[in-house]
Amino acid sequence: MTDTDARAAGFESAEHQARLAELYRDFEAAGMTPLWRTREGLMPFHPEPKAVPHVWHWADLLPLAARSAELVPVGRGGERRAISLGNPGLPGDPYTTPTLWAAIQYLAPGEDAPEHRHSQSAFRFVLQGEGVWTVVDGDPVAMRRGDLLLTPGWAFHGHQNVSDTPMAWLDGLDIPLVAETDQGFFEFGPGQVRTKSTPERSYSERLWGQPGLTPVALAGTRPASPLMAYRWAHTDAALAAQLELEDDGIPGVTEPGHAAVRYTNPTSGADALTTMRTEFHRLRAGAGTRATRTSASSVWQVFDGTGSVLLDNSKRSVQRGDVIAVPAWTQFSWQAAGQLDVFTFSDAPVFEKLSLLRTEMAG
Amino acid sequence: MTDTDARAAGFESAEHQARLAELYRDFEAAGMTPLWRTREGLMPFHPEPKAVPHVWHWADLLPLAARSAELVPVGRGGERRAISLGNPGLPGDPYTTPTLWAAIQYLAPGEDAPEHRHSQSAFRFVLQGEGVWTVVDGDPVAMRRGDLLLTPGWAFHGHQNVSDTPMAWLDGLDIPLVAETDQGFFEFGPGQVRTKSTPERSYSERLWGQPGLTPVALAGTRPASPLMAYRWAHTDAALAAQLELEDDGIPGVTEPGHAAVRYTNPTSGADALTTMRTEFHRLRAGAGTRATRTSASSVWQVFDGTGSVLLDNSKRSVQRGDVIAVPAWTQFSWQAAGQLDVFTFSDAPVFEKLSLLRTEMAG
Amino acid sequence: MTDTDARAAGFESAEHQARLAELYRDFEAAGMTPLWRTREGLMPFHPEPKAVPHVWHWADLLPLAARSAELVPVGRGGERRAISLGNPGLPGDPYTTPTLWAAIQYLAPGEDAPEHRHSQSAFRFVLQGEGVWTVVDGDPVAMRRGDLLLTPGWAFHGHQNVSDTPMAWLDGLDIPLVAETDQGFFEFGPGQVRTKSTPERSYSERLWGQPGLTPVALAGTRPASPLMAYRWAHTDAALAAQLELEDDGIPGVTEPGHAAVRYTNPTSGADALTTMRTEFHRLRAGAGTRATRTSASSVWQVFDGTGSVLLDNSKRSVQRGDVIAVPAWTQFSWQAAGQLDVFTFSDAPVFEKLSLLRTEMAG
Amino acid sequence: MTDTDARAAGFESAEHQARLAELYRDFEAAGMTPLWRTREGLMPFHPEPKAVPHVWHWADLLPLAARSAELVPVGRGGERRAISLGNPGLPGDPYTTPTLWAAIQYLAPGEDAPEHRHSQSAFRFVLQGEGVWTVVDGDPVAMRRGDLLLTPGWAFHGHQNVSDTPMAWLDGLDIPLVAETDQGFFEFGPGQVRTKSTPERSYSERLWGQPGLTPVALAGTRPASPLMAYRWAHTDAALAAQLELEDDGIPGVTEPGHAAVRYTNPTSGADALTTMRTEFHRLRAGAGTRATRTSASSVWQVFDGTGSVLLDNSKRSVQRGDVIAVPAWTQFSWQAAGQLDVFTFSDAPVFEKLSLLRTEMAG
């Protein structure tokens, strides 16, 4: 009970209580809600997410996705064989956090996911396999283990598996943010991806994939990255270099034994996508990260190695492929058993742009 | 039924149906949701808000607020005698739109609303009355008819009515956006506002209130405006000037007979608050606005005059004090009977910063 | 002699000397210059301007300008009866500093300076008098004591004296910067200013002159300010407020007893002009400024009061109307006798944008 | 004679002439210059540079530089064995254009150019040879044919030739801009470069050299690029890709047969250096560029191939190593004989930031 209520309660006469009850009925009839009865829930002292920390095991996700491939075709309308990971704290909504949507997508040999576009930003991160090309605005982009592939908002895209093995990957989108704030637009494209071409490197990589080099004809800032693929070989090399340089005393790592790269938009240096931050982290064997909490929510996937996460004092062991949801203001840290490689995405850019983001290191 | 479902339905054997049902049960157990069964709802072709267009009449709001003053004191815990206008399409949530919270706040003679601060941005817009000073980070700011008063995120603020008449005004905050995305921080300040001083002009106006003049010692961009009060006399003069200049053939009005000013941050020229756009519009007698729809949601309050709004083909007459909620993608226009003055706020800056905002003129 | 030369000198044989002399002749023939013979001059340890600190007295400038009005008409070709103040350290060039051009401009009763436009940015600052309207892109802007009037690059402008008394003012332009870097474009406009209208307030003031209010139809960042006039009444009020607030313990002054405002572009919060910073400073009677030096060069004009400047240890008394040139890296401070009001402009924005600006407080 | 002068000349009496002569003498004594006598020169209709288009032949430059190595040691004071290319239109100043300084620098086997730093931005572009490491803030950066190496303003740097052959390259700096505007600061560092290490890749390349990947610990915008080396293999691949994609109908080239990349700062997408634009252009055999003129001045060096430049209607044949100065507003185009590779730098970012840059295509 708030002080206000307490004081109100001082008006203890039956008449007062009756008038108050009548007032609240009238408020309700008018669709009005007194702040004094809702302030604590609406405006907590710090974020109190309904979403909960959660771990999904790839070993559970993959067989379910595979079963769906036997039973449900991919096609226009449903659009994708993607199955989202719903946060247990958000029942009824297929949301991984209040702003982020993570899913496993599965494409069987020879399958083709039709083209569409939407205001939602999207990416694919590949844990394993290859053989799928995603076609982004006509540009065929190979998908292989360790790669991050972008689909910025309103870019047409479809996927096709040209190999004879199935392929599954992690999809990340800002679907909850866009849905809950009514910003969604969607449009169908061709039912089949518009090119069967399967080049080693996409056009976007050939134009934008040399470090620090911008095609003069395409210069100028864009909201999202024009580079559609961030290849594993580059990510791996960048992480390895940070750790080697740490040995030489050259600054680069995020903290001792902890290398990290952010996928960025070469036209601005900002995050590769407008609403989501994407990063890859590597911990040396035995290293740990300092516990932090941030008002951003995030999703992590173990790419390689084993270790554990501490989520508000609950320790969870994780291994290759496991997906972890970290709601806002959850105290969070990593501990590596062997070398540990982890991909992550979050909604941090949204709240940075709105001057709302807060991050705090544990004492 | 989607094509995908249709094709799936082609698998018509009882065994297939049984296996599919089992798969969906297993998905549910795992907290997983197939996109093909939710795509239409999650990713509509254009925004399909649950929020509905709605009009509240000041004549209804004010007496309810006044009644609450007789029955409920203002104090620590409840913090404010503010009653929010809940959108009928969002039952259970005291939200005016999915991102915006509008309320009537009421302070009786001699009352004092305690100081607090929060990450939510806030403003007050004064339809009528005077006698209250809001104290923002120690700066006493008079509130009078037609004024817009800011409380940027994390600024301490309290209110006190030093007059012998009650005062009511419109409060606008980004409470829903902050609450639903878990960005809220809140802190109590002094139980009484920290100064009883009631100057004509606040410090912020004396420092920042001369057009185009920046104190050298305070130069540099800030996320929100350092000017806490936008006075009616200035707003009125700016609107009048636009219409006079229209008569002289000088560009300035938004469209024929329609003057409009945006409240801006003098350190950047951007919106005065980080998450909300605030504007004041004036229509000449008989003038109308072109119908538009935008992915921003907005709230409007008639300041003076009479007229009507067209909300997706539903015409509503409005008068002084009436508050209108306009969800995203609602086709919307104004028609003035006499000269019509309207205040409005929206979530447009959020979606501009995220490259999501879309606006469309009617044909 | 540099170490390099010293070591070279070690090669003391006559043959070596002869070969070296021949090499230098060959360099000269090829238009080549060895850095080792020019490094000290080209790349000094700190700025070593050729321009020198200098003071011009208004009492000298005004009669000369007045005499020219008797002898030289204003018209197309010469364009303006403006006489620039050439820095004694830059003989041959009519430049006040290496980047700035300051002049006294004089317009006799009934005279009309023809319209033109140029890439150079310009302003007028009015020490005394009134009766002239400058017409900027068709907008008639009154000029009166204490006002700053802008002419952003490439805006057409002319001046007319509609009164029966002559008027003189200070012109400031970036002519040297633009000339020496070959950025100048120039175009004639009408031989007579395009409107004889003499309104109290210009269109630009009516559209942009309310603090923090932006016409919605004109929103968006512009390189230079859309507000063409910054009126003395506002400047005076802003300075007075800073000093009053200082008495109340509210931050605002630049240093004790020293109020200062910068003229800014309301669409961005940046300097009103793209290449020049314009400010007005007020010192309480008896107050002084801390000695500073900066790599920007500046020009100052005493608007009112008396006092002195310290220019690299040389103290100069100044009074109303006196103009002071302060080259880069000159140690500089003010001392007020009575209350002292001073206008200034500098090239600081150029070097801020290029990450070259340095400023240093005296120990 | 201007109209003004013409009208003045109407005052033909001897007395008038005498008084005018006296006025001009008094102006001169006061250091004042009438605009009406200087306007045409100060404010031309379009840029009229004193600098002239000019071509230097590498075949002339290299032997001169080599001769100097026999006669002049490298060391503290002279600092560098760099010989600048002075524009014939700017006699007395060792400037290639009014803002740019281009030089050939030469380091003999075993030589060591001492460390220093300065506010001037610098780069090295390598036409031929290898064996030198430039050490930038302690980071040893190999220099090889086709590479662009940066030395942003105020970074300590020295060079050492660890090979047994001499090496020469093109130095580019903004010395004239900085010198003429008094922005220069300079500081000596160690007399010997601080590390003898000669790694294949510099620290900066290992941290920043993966496309689109930013070390999380180093994120944030910086004025200049943190990547010190742009390797030829990447430049070559980017140019080749643009031409291949042109064959496939994918946009990327600047104009038909003309590929071009800009060296950019990965933290911002802007030019790699704050005051100079650096680019590499490739023309297919037989291709030509459309004639343009711009208010930027530029310097070009032929990296490979042969062709010709048209400089205001004067055609000059150029070949490998030749250096061309292109003053502002010179009409300029390239014509390739065989495939032509050209490096260029200009002052365009300066004037872009100041909203002064103009570029015009020939009709």
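To keep things simple, chains are lettered A, B, C and D as they appear, and every chain counts its residues starting from 1.
In this text, a residue touches a chain if its C-beta (ideal position, glycine included) is under 8 Å from a C-beta of that chain, and two chains touch if they have at least 3 such contacts.
None of the values given here were measured: they were computed from a predicted structure.
Colleague: Provide the labels of all chains in contact with chain C and in contact with chain D.
Modeller: Common contact partners of chain C and chain D, which must touch each of the two, are absent.
Colleague: With chain centres defined as mean CA positions, report which chain is farthest from chain A.
Modeller: Computed centres place C farthest from chain A.
Colleague: Which integer distance in Å separates the CA centroid of chain A from that of chain D?
Modeller: Inter-chain centre distance comes to 43 Å.
Colleague: Using mean CA coordinates as chain centres, what's the chain A-chain B distance in Å?
Modeller: 29
Colleague: Hey, how far is the Cα centre of chain B from the one of chain D, in Å?
Modeller: Centre-to-centre distance between chain B and chain D: 52 Å.
Colleague: Indicate the residues of chain D shared as contacts by at least two other chains.
Modeller: none
Colleague: By the document's touch definition, which label belongs to this structure's chain graph: line, ring, star, complete, or other?
Modeller: Topology of touching chains reads as a ring, each chain with two neighbours.
Colleague: Note which residues of chain D are touching chain C in the complex, please.
Modeller: That would be residues 1-8, 11, 16, 19-20, 23, 26-27, 30-39, 42-49, 51, 54, 56, 60-61, 64, 67-68, 70-88, 94, 98-99, 101, 103, 118-120, 153, 175, 177-187, 223-224, 274-275, 295, 297, 327-329, 347, 350-351, 353-358 of chain D.
Colleague: Using the touch rule from the top, collect the residues of chain B that touch chain C in their complex.
Modeller: Spelled out, the residues of chain B in touch with chain C are 203, 205-219, 221, 225, 227, 230, 234-235, 237-238, 241-242, 244-245, 248, 250-254, 259-269, 272, 279, 281.
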